[in-house]
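Please read the structure below before turning to the comments.
Should a chain be cited, it is by its letter among A, B, C and D, assigned in written order, with residues numbered from 1 in that chain.
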Amino acid sequence: MPLDTSSYSLALLRLDGRRWNELRRIHAQISTQAAVDGSSYLEMGNTKIICTVTGPAEGRRVGGGGSGGEATIQVEISVAGFSGVDRKKSGRGDRRIFELSYTIEQAVQTTLHTQNYSGSTISINLHVLTQDGSLLAALINAATLALIDAGVPMSDYLCACTAGSTTNTASSKGAPRPQAALPGLSSLDEEADDPLLDLNGLEEQELPFLTVGTLGASEKVVVCIMETRVQATRLEEMLAVGVDGCKRVRSIMDSVVRDHGKRMVDEG
Amino acid sequence: METTPVLPGDILPSELIPHSTNKAVKLGPGLRHIPPSTVKATISGTVTSDLRKNAIWIEYNGGRYIPTPSDLIIAQILRSAGEHYTVQITPHYPPALLPHLSFEGATKKTRPQLKPGDLIYARIAAAPKHADIELECFNSQTGKGEGLGPLKGGMCFDVSVGFAREVIKGRRGGVVVLEELSEKLGFEVAVGRNGRLWVEGGEGERSGGLKHVIAVGRCLQVCDEKGLDERGQRELVRQVLKGL
Amino acid sequence: MPISILPPAPAPSISYGADPSDSDDDFDLDGDIDMEGTSRGLKRPRTSQRHIVTPGELVTDDTQWMRGHGAYHPPDSTAIHSSVFGTILKTNKLLSIIPLRARYTPEIGDLVIGRIIEVQQRRWKVEVAAPLLASLPLSGINLPGGALRRRTAVDELNIRNFFTEGDLLVAEVQSVYESGQATLHTRSTKYGKLRNGFFMSVSGAGGGGLARKGGIARSRRQVFTLSTGRGGGDIDVILGVNGFIWIAKHVKPKMEEGPNRLEESVSMDVYSSQNNDIGVETRREIARVAGVIRALVEGGRRVDEEMVVKAYEVSLEMEEGMDVEGGDFLGGEKGRRVVEAVMSG
Amino acid sequence: MPREVELSNNERDFILGALRQGLRLDGRGQDVYRELEISFGEEYGVVDVRLGKTRIVARISCEVVAPYPDRKFDGVFVISTEFSPMASPAFEVGRQNQDEIILSRILEKAIRRSSALDTESLCIIAGSKCFSLRADIHVLDHDGNLIDTACAGLVTALQHFKRPDVEVQGEKVTIFTAREREPVPLSMLHHPLCVTFSYYDGGQIALLDATFAEEQVREGEIIVTMNRNGEVCQIAKYGGVAVDALAILSWTNMALVKVQAMTKVIQARLKEDAERRDKDGIAAELRADNDRPSERPHG
């Protein structure tokens, strides 16, 4: 699906009318499901996720040995067949999905204070309803909200967003540069390129991007995943924009949690 | 001490088998007695005999450690369950049991409190075929620790099972590294027959202490990997000491 | 609360930095919670009920406070940050955060309802909605044939005659290990196997303290008997602190209870899994009580004896005042009306 | 049943204590790789890579198949990984281990998604015939840093491999054996290599090429894949303890230096091997030419 990114340089507006540093609309709710310990519903633009958390509860013993006195974290992601452009049934053994759940598992493990829950399991179930870019970021944010709702202690919000770059030289579709080309030569025409915040599905297909997850508003990076080729010099900008985006995502999520808390306190 | 190489299935020539009138011959690992008087090797290695004890066995390197009663080993606590610690001797063997009270002077109140992952120096008390292996950290006759018990601090190095045996024998086993090193460095060593060596660099984990432990460990591992002879070992020690 | 379908909302402005909630971040210890707990010499810890903290938020950097549950020190800092989403509770110099919603954390003396998950050699493993399964030792139950009877090897072999997998029971938390695992006991006629009734659970009821909303409150009476109208007879309601609820027909103990006759009252009948006869009217009223509790939970109200009794009466009145068209179902709009009526009345 | 080797507390404390004093058990500096040893098999595309005790064999093979209907102009390229139980007691045959999936995903992203291999060059006739390339990665011994070793092995194998030459005349395709025509090397667009940083103490200590023991005590890792032109192909930091964003940037800079050094080693080894083969190659060709006429009468 070729995408005309050339128009960007003229109006400095993206396909959906955003500026380079604009987030899409984030809408979230917590405590959406009564039957589980914690739940959340999150929309980042058109990417929509439901997350439920069960636990900490004593699960089946895996292996037999206690795993160093920490709770086990299980992440399961199910992607609805209708969530993408093509209707696709994703199999159980999908490695991409496994990688996503592994990332969330690893990220959450260090953010949660699980020392007090040795021998128990926290299971996080994520359902992708629609996907339109920034999938991993949305999954991380939804999981964070559901974990907060479940009352599991954590150091801070784990918030994530994507950042891209309008550099087109290294996009997967673009003509690959021959090996001989010196990196210095290409940087001339790259100077006009801008970093972008929070990519949608179309932009993700065309542009190099990375997903950053930070611990709260600090500039400490917990998750950083990049899957597309890009000049190392572009990285600094992309990371900076991503980290900044995470700060904003945090304040949005925080206000969602606070609003919900206020309602609970007022009503009770 | 004679050494003759044998292969599995070889029948041991009778002149190798110690003949003593008043004592029965003891067969060690790697040998099998087929009545009336044939002895077959079940493993490749060198035949070794001890005339004084009237014993004969096969010395071999490699393979996994097979727990044998009265071996001294370095093992790792997995968990505490009921009145035992569950202990791992090698990753390839089912966990062994170490009773909570099998320590010097241990009572219900004073027994050592060990966490998962702690190391102990223990003796294999029993290794029955179809039941759990049992360990002990004291001499059950005298109640004395005899140097067994929890290992505090230090570092553990993995070596081959054969090398660990040679280290225990020291000079007789052709290993002089430790002696050579000990002339210049102060350290403490525990040798487990399961192929683990524990080295501790004395008081305090000062930079010197750590460095010495690393140096000792490296010497031992290089010796094992390269199968150095005494001269090679002396040379290695000289180099390592120079490096410090 | 189900997912609501939202009307198209205007895109929120990006300047979340100026969000009103942010002003709450500058939470001032002097202003809000003051030293009221200590200065007035109150025994009871006081909470700042209105103030909500979220994970990662700085609660105080004053070193006079000690860190309690739900709070942590970041590495190389003495400031106290919150690790959960909840309200602040101060007990003297101890500062803890009570989560608004959490799983049940067992405390000694709690009355809980549990389900047997596993039968082991000398004990049962009981699901009580806590992070770890609780354990009920064989020595923690009243054996038939008198409280003074010794536990024998035969009892160990017949362990399934007392409780087996899937059985429900009401018990008290006897002790809590360091790991958070609870040990239960049923050594009282109040406790034991549950039958003749209906089980329901209310999630997220844990957390403790006063902050618990839309769940069961720890109160003086967790067990009460409700005399119902419409020929339903008496109904027992047991509100387990862990969020499990049991609603059952009230069955009079067969024998008069007396201090000296306690032993005889413990017969094998206590461990029967057979239900008594329950009339249709009773069943309907049990269902009504369940509906009332569910409505309270959905309305985010606390569940205790007072509220349940009140709500039950309101629902009866409403039933009589209206045509029976809606049936006895107390969901949705009807449930909301019951809750409103309770709160106003 | 074998179980995963877990480090004892003594070893854990010792390794961490030593790292804090800038010491590693094998005496290396924190940013020093073990020696990368590469040897080649008889066939093209068989590479044995060692990094200390870690050992990996990569093998490339190819066959002619029909391309996927949705990718008519591309050849097929599959990467398959296998962890042998002899590498570590934790590996079992037939059951996919978590590390294995992650390794194959990283290789997938580092080499396939970064289009290091020009898959279009594998196409013979659009929509009906193409080469299917298969890379098998076998882990023979595991002493840490599997990902860097596997990636180096795979990239070396791809450069070493030669596919049979083909000739297309209309719909007719002739595939020549190695005797008939010299096989053709694959068309590679760039040569990505992975550099894994294991960090400790919140990113204050970062190790390159960690051994198995060092990996077990680390707080987290970040895998950076770059090519010598300074392009980042892939970054993966799956959770772990949070680190400063600036640290990630400085590590990428360090990775570039390492990638350039490693590329040099690989190219040198490839060149040596090519020279060695060249002599044999000519001799073989001469022999083949001489043999042919004598075979004719029988055929």
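Assume a residue touches a chain if its C-beta (ideal position, glycine included) is under 8 Å from a C-beta of that chain, and two chains touch if they have at least 3 such contacts.
These numbers were taken from a predicted model, which means no experiment stands behind them.
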item: Neighbouring chains common to chain A and chain B, by label; value: D
item: Innermost chain by mean C-alpha position; value: A
item: Distance from chain C to chain B - Cα centre to Cα centre, in angstrom; value: 57
item: Whole-Å gap between the CA centroids of chain A and chain C; value: 35
item: Distance between chain centroids, defined by C-alpha means - chain A, chain D (Å); value: 29
item: Shared-contact residues (touching 2 or more other chains) in chain A; value: 65, 215
item: Per-residue overlap in chain D, given as positions that touch at least 2 other chains; value: 3
item: Chain C contact footprint on chain A (complex, rising order); value: 22-23, 25-27, 29, 31-32, 34-38, 41, 50, 55-58, 71, 113, 116-120, 148-157, 215-217, 248, 251-252, 254-255, 257-259, 261-262, 264-265, 267-268
item: Interface residues, chain C side, partner chain A - complex; value: 1-4, 6, 9, 11-12, 14, 16-17, 19, 21-22, 24, 49-50, 52, 54-56, 70, 72, 74, 81, 83-87, 99-103, 129-133, 179-181, 203-204, 206-207, 211, 213-214, 297-302
item: Complex contacts: residues of chain D adjacent to chain A; value: 3, 98, 101-102, 104-105, 108-109, 113-115, 118, 189-191, 219-220, 222, 226, 229-245, 248-249, 252-253, 256
item: Partner chain D, residues of chain A touching it in the complex; value: 63, 65, 95-96, 98-99, 102-110, 170, 172, 176-179, 181, 183, 210, 212, 214-215, 218-233, 235-236, 239-240, 243
item: Residues of chain D that touch chain B when the two form their complex; value: 1-15, 17-18, 21, 23, 25-27, 89-90
